[in-house]
Amino acid sequence: MQAFEWEKPVLALEERIAELKQFVDGAEMDFSAEISHLQRKAAKLRKEIYENLTPFQRVTMARHPKRPTTLDYINLLFDEFTELHGDRTFRDDGAIVGGLALFEGLPVTVIGPQKGRDTKENIARNFGLPHPEGYRKSLRLMKQAEKFGRPIITLIDVVGAFPGIEAEERGQGMAIAQCIEEMSFLRTPILSIITGEGGSGGALALGVGDRVLMLENAWYSVISPEMCATILWRDSSRAAEAAELLRLTPTDLLKFGIIDDVITEPLGGAHRDHAFTGMQIRSFMRRYLATIMKIPVDRLVEERLARFRRIGKFSERSLADL
Amino acid sequence: MLNVFKGRPKYATVRPQEGSERKDFPDNLWTRCDSCGRMIFNKELEKNAFLCLDCGHHFRLTGRKRLAMLTEEKDFEALPPLLAVNPLAFPGYPEKIRQAQEQTGLDDAAIMGKTAVKGSPCILGIIDFSFIGGSMGSVVGEQLVRGFERALKERLPVVIFSGGGGGARMHEGIFSLMQMAKTAQAVGRHSRAGLLFISVLTHPTMGGVYASFASLGDVILAEPGALIGFAGPRIVQETTRQELPTGFQTAEYALAHGMIDAIVPRSKMVDYVGRLLLWHR
Amino acid sequence: MQAFEWEKPVLALEERIAELKQFVDGAEMDFSAEISHLQRKAAKLRKEIYENLTPFQRVTMARHPKRPTTLDYINLLFDEFTELHGDRTFRDDGAIVGGLALFEGLPVTVIGPQKGRDTKENIARNFGLPHPEGYRKSLRLMKQAEKFGRPIITLIDVVGAFPGIEAEERGQGMAIAQCIEEMSFLRTPILSIITGEGGSGGALALGVGDRVLMLENAWYSVISPEMCATILWRDSSRAAEAAELLRLTPTDLLKFGIIDDVITEPLGGAHRDHAFTGMQIRSFMRRYLATIMKIPVDRLVEERLARFRRIGKFSERSLADL
Amino acid sequence: MLNVFKGRPKYATVRPQEGSERKDFPDNLWTRCDSCGRMIFNKELEKNAFLCLDCGHHFRLTGRKRLAMLTEEKDFEALPPLLAVNPLAFPGYPEKIRQAQEQTGLDDAAIMGKTAVKGSPCILGIIDFSFIGGSMGSVVGEQLVRGFERALKERLPVVIFSGGGGGARMHEGIFSLMQMAKTAQAVGRHSRAGLLFISVLTHPTMGGVYASFASLGDVILAEPGALIGFAGPRIVQETTRQELPTGFQTAEYALAHGMIDAIVPRSKMVDYVGRLLLWHR
């Protein structure tokens, strides 16, 4: 598994411990106290490292190639996923998957962008960058969920909508706008979970939930750190600095009232333990679904609208007052 | 708020004074047409609604000039002003805002108010590209939403001229992104009450502005040649490494691809919008 | 102007009369009685010919190159037509035009397939054969009309939806189905007028009106006579026979309860006098619009549904009863 | 109506008797697979749900065989039967009907009734291609509409297997065309009441069948390889004079182009439909 730069001290220590253990297996003296002391120290180091990640380190975690993808999460969270395809207009976009599934016995509609897990799949899924028809498929499935009063779960992991010629021709901006608008008024509960990357309008198009949750090592921003760095300094390699400025971590977003809760990941990131991550998400889903499913649908929609209506920071004064 | 309309001190932020405003087209100079190369005396240009006298090229208009073309001072009641803050403590943002305010004489990129176009009352909004690229931060988002809310309350149509080249305002980060949802929802409430929204896309309307309220008009118009799209052309080219088709992301291209209802030359815009408003009264 | 075979006797007679008049202009004798007698005879002949047209002769009339097209009718019937373009998804289809216009001061939405009036326009308009995006544009404009409670006028002149590769790929059948379904439930008055050709599902997609009117020399059928002849006899040149079988004339369709009224054309066909044809249609529109605009919208939709619900001929018996 | 289900004499038209029915797959013969060429003993084919034992090719099923795969005799209550008339006095039509009736043992192309699939009650319809190409005349249209009306009344989901290769039934002219509107409206009423419609497209579903009710499913499924489209492939080729792409108008093609939700092999169809019904109870 690919190791991050910042993990190297703890990985080196863990390696030493492993070597030591192998060595003492053949020895007669008892080193167990020393070993367990070292192990505690390694765990502490690991914890320290992961509690002090920089925003860009979290962005990097969110992009780990072994991090669970949407289909992995669907497998971890639901039973009997039945994928439904197509926008009924132009194409089935592999970069967004959606369909019906059971969440602990409850039929739900689940939708999310899908990155490829290998080169071949990446090509089929356009590296997880959706075209307008992906958003149109999503909207179709959401309206279907609304018709049947089924809760909607969106799992968000997308760097952004695809900036391509055909995507522009087929109305990328318009499709996103329509998704956002129609999702806002859907008369059914919506739970959005940002599982990895939450990039710009391409993420928001799936993120107009009654509750918005976020994994610990996910990010959500108006612009990717790289693009931001390019705009500010014409230098995408300064993405780490941009990531600091953008305040894109769950901690900041929770403080800002953009998200409702942070789902803790296993130490070292979701990719280290898919099953545990799935269990974590499940327990949050159970709780938040129960909450929003209890709210009468009229109030639910009003509260959803009010939630976004509130967002924004400005001063009521005018230049003339200054 | 606007120097051209000094009559409403309660809402009018008249700072800086007219003299300090950077002029896109200083009175006594000439400007070269980007499209055909002709040199035009600026006074002539102004008389011709900032259309090239030869080729009809649409020069970019400031919000206040656009406003003056659509309605008259006595008919325009601006919404209460709002000022940007710096929610992320983004370095350099307050200076950027101050500079834009000084250059444009506006509080922020959106001019919003109640007025009448060709005698039909409406809420009119104009996003001014010259204010940080017409990007949508919390102030623009809130102003738009208040415009739609006012319109909903008074059962008025809304007309917005969007020249948001930058889309979202990066310096406000996630708050800026959320304005897409907020404005789209405001359109949605207004629309679901059976009211008309005419969205006019002027050069350039991109990114988060295009991907939210601006795409949600009952009728979507555009000025000739206006750049309209989600991703910027440079990003598209860099991502796809393909040559962009001729006219990519122009209003004409958007029309051919079914995204907009009509291209309306600036000289006919007031009549066109006025007619649509009249037919929906 | 192109003359039809069956017009030739009367055209020949009229030519003689013209010659005779020219001749007598220079003569001293008074031939006025004879001439007016001949003229009456010619008029009678013309009337006889046009009252006894075969179905296929009417089909031919409906296709006359000088017959008014939809945009011609829009000019004749409305003021200040404001064309609105695009399906907001893929393309603006020139084979269907639509927009807002004033009908005697009343804002209405008008939509119809548009044939080209010359080769260049025919190419731009795909010979009046719509793609799915044309039907999607139509549906978009109809929903807009519904939102604002504006009456819809559809002017139908289409041989059929385009049988092309891309049209199939983009869901020709699905687009037509959606148009038919959604048009059926629109909460606004709809007046459909078949002005020329009414070919199959491509025409019906615009024809689910509260009242359906038809010009005298228009046709409306499940299949074109040529295609029917091809299926029956593998010989499209036997279209005239097929046209008899299909009962596609206004007279038959009125009898069957498919249409509500027949709009008379000038003797010899609409192409002989556009202005007069326009006046005729206007007076029918005035009357039928007034009727359907008076009906409360709930009842209007119920009656529209009931209108189509009734259509169909069958026996309630079973084979077992025979 | 159906020989396989003799238990309901009130609605069952059991003429002709089983012996006179033309068999697509006579018991003691072999059939060659269209797809891979393998010769298969018909009894084997029947055992394997009429799927090729080698390549999985889906042989066309008669309506009654399809029905037997989906539900059981005791669970199927057919709608009252209807018979075609000849509204246009179209020459040869009555003979065509009579011949189809003799060959299939059906009144007309639609089998409609109330049943349960995998324990979930629903209205089930099957359009049988072997009855004049599964074309939709007044009887098929009326049967479908009555099915949806019954479902609406009892708040049941509807499942229709459409194998209408001919689309509209030409011999009934305009009456046949109008069935498109009539059936689409029946779906609309049912759908607007919040009820589920699963449309399954079997080989071939074309023309007026595809361009009406069959396209309006909440979920649209198809069998592998089924031909799905509006205009027939020959007409498309003749009109455009272009070579048709590989797989043009197949279920796989429709899936790639976003028109259907999923392709479901026949062997999994009952479970798949049953699951959807269960999740919508």
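Should a chain be cited, it is by its letter among A, B, C and D, assigned in written order, with residues numbered from 1 in that chain.
Keep in mind that, in the parts below, a contact is a pair of C-beta atoms (placed from the backbone, for glycine too) under 8 Å apart; a residue touches a chain by one contact, two chains touch by 3 or more.
Note that this is a predicted model, so its numbers are computed, not measured.
Asker: Could you find the chain whose CA centre sits the greatest distance from that of chain A?
Answerer: C
Asker: Measuring from the mean C-alpha position of chain B to the mean C-alpha position of chain D, what distance in angstrom results?
Answerer: Once rounded, the distance between the two centres reads 54 Å.
Asker: Take the average of all CA coordinates in chain B, do the same for chain C, and state the distance between these two points in whole angstrom.
Answerer: 43
Asker: Please work out the Cα centroid separation of chain A and chain B, and write it as a whole number of Å.
Answerer: Inter-chain centre distance comes to 33 Å.
Asker: Chain D: which residues touch two or more other chains?
Answerer: Each of 257-259 in chain D touches at least two other chains.
Asker: Would you pick out the residues of chain A that each touch at least 2 other chains?
Answerer: Residues 88-90, 170-171, 174.
Asker: Tell me the shape of the graph of touching chains, choosing from line, ring, star, complete and other.
Answerer: Its topology fits none of the listed shapes; call it other.
Asker: Can you identify all of the chain pairs that touch?
Answerer: Pairs satisfying the touch definition: A-B, A-C, A-D, B-C, C-D.
Asker: Under the definition above, what is the set of chain B residues touching chain C in their complex?
Answerer: 191, 194, 196, 218-219, 255-262, 272, 275-276, 279-280
Asker: How about chain C: which of its residues touch chain D in the complex?
Answerer: So the residues of chain C touching chain D come out as 161-165, 167-174, 176-178, 180-182, 184-185, 200-201, 204, 208, 220-223, 227-228, 231, 245-248, 253, 256, 258, 305, 308-309, 311-320, 322.
Asker: Using the touch definition from the top, list the residues of chain D that touch chain C in their complex.
Answerer: Those residues of chain D that touch chain C are 1, 9, 11-15, 80-85, 87-88, 90-91, 101, 107, 138-139, 141-142, 145, 168, 170, 172-182, 184-185, 187-189, 192, 206-208, 210-216, 229-232, 235-236, 239-240, 242, 244-245, 248-249, 253, 257-259.
Asker: State the interface residues of chain C toward chain B in the complex, per the touch definition above.
Answerer: Interface residues on the chain C side: 80, 82-93, 100, 102, 107, 133, 137, 144, 147-149.
Asker: In the complex, go through chain C and note every residue touching chain A.
Answerer: Residues of chain C touching chain A: 88-90, 132, 136, 170-171, 174.
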